[in-house]
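You will see two complexes here that share chain A, one where it goes with chain B and one where it goes with chain C.
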Partner chain A sequence: MSVAKQLAYRLNLLLGRFQSLIILLLLYFLWTEVSRSTGQFAGLTSTELVSYILLVHLLRPVVFGSLSAGVADEINQGIFSTYLIKPMSHFWFCYWRELGERTVLFGAATIEVLIIAFLIKPTMPLTVAGWGLVLFFISLLIAHFLYVLLSYCIHLLAFWSREATGLRFLYYWLVEFSSGAYFPLHIVAPAALLLLKILPFNLMLYTPVMLFLGKVPADTLLSIILSQFGWLAVAVILTAVIWKRGLRRYSGEGI
Partner chain B sequence: MPIITVNNLSKTYEYYRKQPGFLNSLKSLWHREKLFTEAVKKISFAINEGELVGFLGPNGAGKTTTLKMLSGIIYPTSGEATVLGYTPWQRQRECQKQFALVMGQKNQLWWDLPAMESFILNKEIYEVPDEQFKASLDELLALLEIQDIVDIPVRKLSLGQRMKCELVAALLHSPKVLFLDEPTIGLDVVSQKNIREFLKRYNRDKKTTIILTSHYMEDVEALCERIIIINHGTLVYDGGLEKLLDQYIDKKMLEITFTEDVPKQTLENFGAIKEYTPQRVLLEVPKEKTKEVASKILNDLPVDDVLINEVPIDEVIRKIFTATK
Partner chain C sequence: MKYLRVWKQLTNCAFSTYASNRIESATFLAAKLMRFGFLGLMIISLFRFTATFAGYTRYEALLFFLTFNLVDVLSQALFRGIYLFARDVNRGNFDFALTKPVSPLFLSLLRLTDILDIIFLIPIIGLLLYVITQLAIPITVAMMLRFIFFLAVGFIISVSIHILSAVMTLWTLESDNVIWFYRRATVVGAFPPEILAPGWQLFFTFVLPIILMMSFPAKALLGILTPPQTFTALAVAAFFFGGSLLLWRASLKHYSSASS
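Here is the complex of A and B:
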């Protein structure tokens, strides 16, 4: 149904995709320019850099989502009540609802990446195979759920404050910046990198993409995957606690 | 055996006072004045299977809060309640599959899509078997006469059409209990009547237990044999509508038309004048004196016609609301 909803507003969808295509092209020209003289930058060859941004573009709709058209707004407006009385899990309802949107966006992103690949013919190295590919998919799956759960938690804060828009904006900005959506994280200063690695957001895009590019040292593979699992567990517990306590506070305003 | 029981149910809302202005917004960051409102105070009642109960009270009386607790949207502060044997705020699937809540002021259908899509989604959520879904859908669409609008995006429908679709969406899983929160609000007279007739018929045929809140007394008069009145969070009346009218109506209205002009002063001796024109008067007289006054007027004045009416039910309810302030 959310696929149908997306398609009901085709112009909106097209404009949204146009915007992300512009960002993709911008990043593409930026990174090819930066790596033009030496043929590499920050340990990545120019082809790897191109692969990085194309992969990020492709995986963005897999990991990032709009979280269900604003769960927080639904809580504030009381629409949430109408879901609460139904025999279903609210989390999974939001999840499936968003998955429809993601599918449409992923389809669009795939077409865009194919078009770009056709136009600029980058030599895309498929550096990862076998177990590496399995690890990449596991990592991607965890990244996907980590994003969904944390984003859900942020939206559930609406149980406590109606005015959490600023906080959500800050959160999404932080995620965009520190997940590696705009640049490979390791280009920043070591101290900043350490900070970025403490936060869970690097596990959302940077980690899976680097795994795919085969740029993760073999001896750190296990710890990376384990830390992804660790953060996922934290997110699951956090969601459960916030949900339970939040519902006690919920007053079903708006109806 | 009651299908809904409510025992000493109370709900206190907690909120903060915030003065307007930027400076006060900053102040409220570290100091906020906490306030409490007792929306529902220790109410108790029981409802049997198949009953259609009117839940009345002025705005802010606690009707919707009670419905929210009974449908599991909010937790009570204290007290107990059961719906079909379950505690509603535990939100067990088995319980949720057997009731529905329709809110006149809140759209539950997907706004951008045709109502049919929402019906199908509800079929999946409530796990309604294909055949039952088809049969219920056909029946409901026919009863409400909306077969030809279910393929139009909901946002394009009129309020009346949307309300009918809301009812279909809520009834597809054949709930045993139906909570209706102002289902006819904002509707025109014809749509109100249609919805009312539908509910009456549905309750009679399916034996669905219905709790209805409404500000339209026509709804209550047409549908409910029993009413529960709540004011300032406290239950003030629970019983038959007829009994309520007997208990609270101590007056009748006499509507008299004359063949020639009658001065106002002459009429003042017979009762309280509610409306007056030289050839027509509306008099309010004590119930027990109605006959006596009517015959006196017939004898003494040039009467063309006399009508004896009940005091409008709105007025009775208003009287109870103000009496229990």
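Here is the complex of A and C:
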């Protein structure tokens, strides 16, 4: 149904993809420009920089989603009540519903990356292999669920306040930038990098992509994956607590 | 004067809305500041590894970034109403705009003043003035006047694009993404246009004139805008503004009020 919904509004889908494509092109030109004279920038070669932005573009729909039907809106409008009488977990219902949208967007992103790759013919450095590749996929899977859980938590805050849209907007931009979707995080000053590393969002895109590029020192691999598992556990507990407490406050207002 | 009074009243209403949703307003403002801060951080960070960016110094690159923010935020502050236009049309609320004794275009564009963006303009203008004082070249009154003139040209183009977005909504009924597409694309204006390939520079100058709107004022201030570029800017602005008004009129005739 989510796929059908995406394809029903074709102009919106097309314009949405054009938005992403423009950002991709802009980032491509930006990182090509900064590495033009020396062939490298901030420890990454031109090829690695291009690979970084293409991978980010490809992995965006895998990691980031929109919880398309708007859980917070459903809570505020009372539509949420209908889920309480259904014999299924609300979280998993939202998850599978969103997966349809993600599938369409991932398909579109793949085509876009192939077109760009055809035009610019980058050499994708596949420096990871064997266990490195396995770690990359594990890291990506954790990043995916970490985003889903934290995003779900933000939506559930609607149990406490009708004014949750601003918070979601704030969360959106925080994740966009501190996940490394716009720039490799290590280009910022050490103090800012420390702050970004404390937050869990760097584990969503920056970490998997750097793993794929083979830019993570071997001695830190284990600690990074453990850190991802740690944050995932925190997100699971947080979701359970917010869900339980939120349900107690829910009054079905708006039915 | 009548339109000014209407706008003042609409702004008062918007202020009441923002004041009554204080948490929402605070978090939205924080999000805007965060987006601004992160993009600024990204540009400043580039200069940790390079002395120039597309041939521009750090303060010149920041001038492009802040000019982009000024045009972008000012447009959003005034024309936030257009973001609600698709919903109004789909729900039939646009019919009410047609029955009022003011221009429906005026009402659709200016029905919601974004108070948060008005507040946001204060730090942007402050930082812009600071960056201008840090430029290596001496800034004269004539250069400042040229800067303001091209800001006005950019603003006219911005108005036109907002009108064209409304036109698209009237024709397609599913185009709330048109304005979001424009919003996302404007980020191109945050960086010096020279980073783009020549073909894309042409695209963002003539087809979707973001470079004209957001980069030309900065270039005018830096004194690197040629006379042909100046005439081009004026011609494109006139074409977009005239064209958008004509299309708006044609769209109103096409509007069937089917949703109401």
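The rule is simple: the second predicted complex is superposed on the first by the 254 of 255 C-alpha atoms of A that agree within 3 Å, B and C clash if a C-alpha of one lies under 4 Å from a C-alpha of the other, contacts with A are read in each partner's own complex, and residues count from 1 in each chain.
Here, contacts are C-beta pairs under 8 Å (C-beta built on N, C-alpha and C of every residue); 3 or more make two chains touch, one makes a residue touch a chain.
This structure is a prediction, so every number in the text was calculated from the model and none was measured.
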Ask   = Counting only touches as set out at the top, which of chain B and chain C does A:G252 meet: first, second, both, neither?
value = first
Task = Check whether A:V34 is in contact with chain B, with chain C, with both or with neither, and answer first, second, both or neither.
result = second
Inquiry  = For A:K121 in the superposed arrangement: first (chain B), second (chain C), both or neither?
reply    = neither
Task = Figure out whether A:K244 sits in contact with chain B (first) or chain C (second), or with both, or with neither.
result = neither
Request  = May I ask you to decide whether A:W173 touches chain B, chain C, both, or neither, giving the answer as first, second, both or neither?
outcome  = second
Inquiry  = As a test of reading the superposition: which chain, chain B or chain C, is in touch with more residues of chain A?
reply    = C
Ask   = Between chain B (first) and chain C (second), which does A:L25 come into contact with in this model arrangement: first, second, both, or neither?
value = second
Message = Output the chain A positions appearing in both contact lists, the one against chain B and the one against chain C.
response = 9
Ask   = If you look only at chain B, which of its residues touch chain A in the complex?
value = 13, 64, 68, 71-75, 91, 93, 96-97, 99-101, 103, 105-106, 108, 110, 112-113, 117, 121-122, 125-127, 153, 181
Inquiry  = Which residues of chain C touch chain A once you look at their complex with the stated criterion?
reply    = 21, 23-28, 30-31, 34-35, 38-39, 41-42, 45-46, 48-50, 53-54, 172, 174-178, 180-181, 184-185, 187-188, 191, 194-197, 200
Ask   = Which bits of chain A are touching chain B when the two form their complex?
value = 1, 4-5, 8-9, 78-79, 81-82, 84-88, 247-248, 250-252, 254-255
Task = Mind listing the chain A positions that touch chain C in their complex?
result = 9, 11-12, 15-16, 18-19, 22-23, 25-26, 29-30, 32-34, 37, 41-42, 161, 163, 165-167, 169-170, 172-174, 176-178, 182-183, 187-189, 192
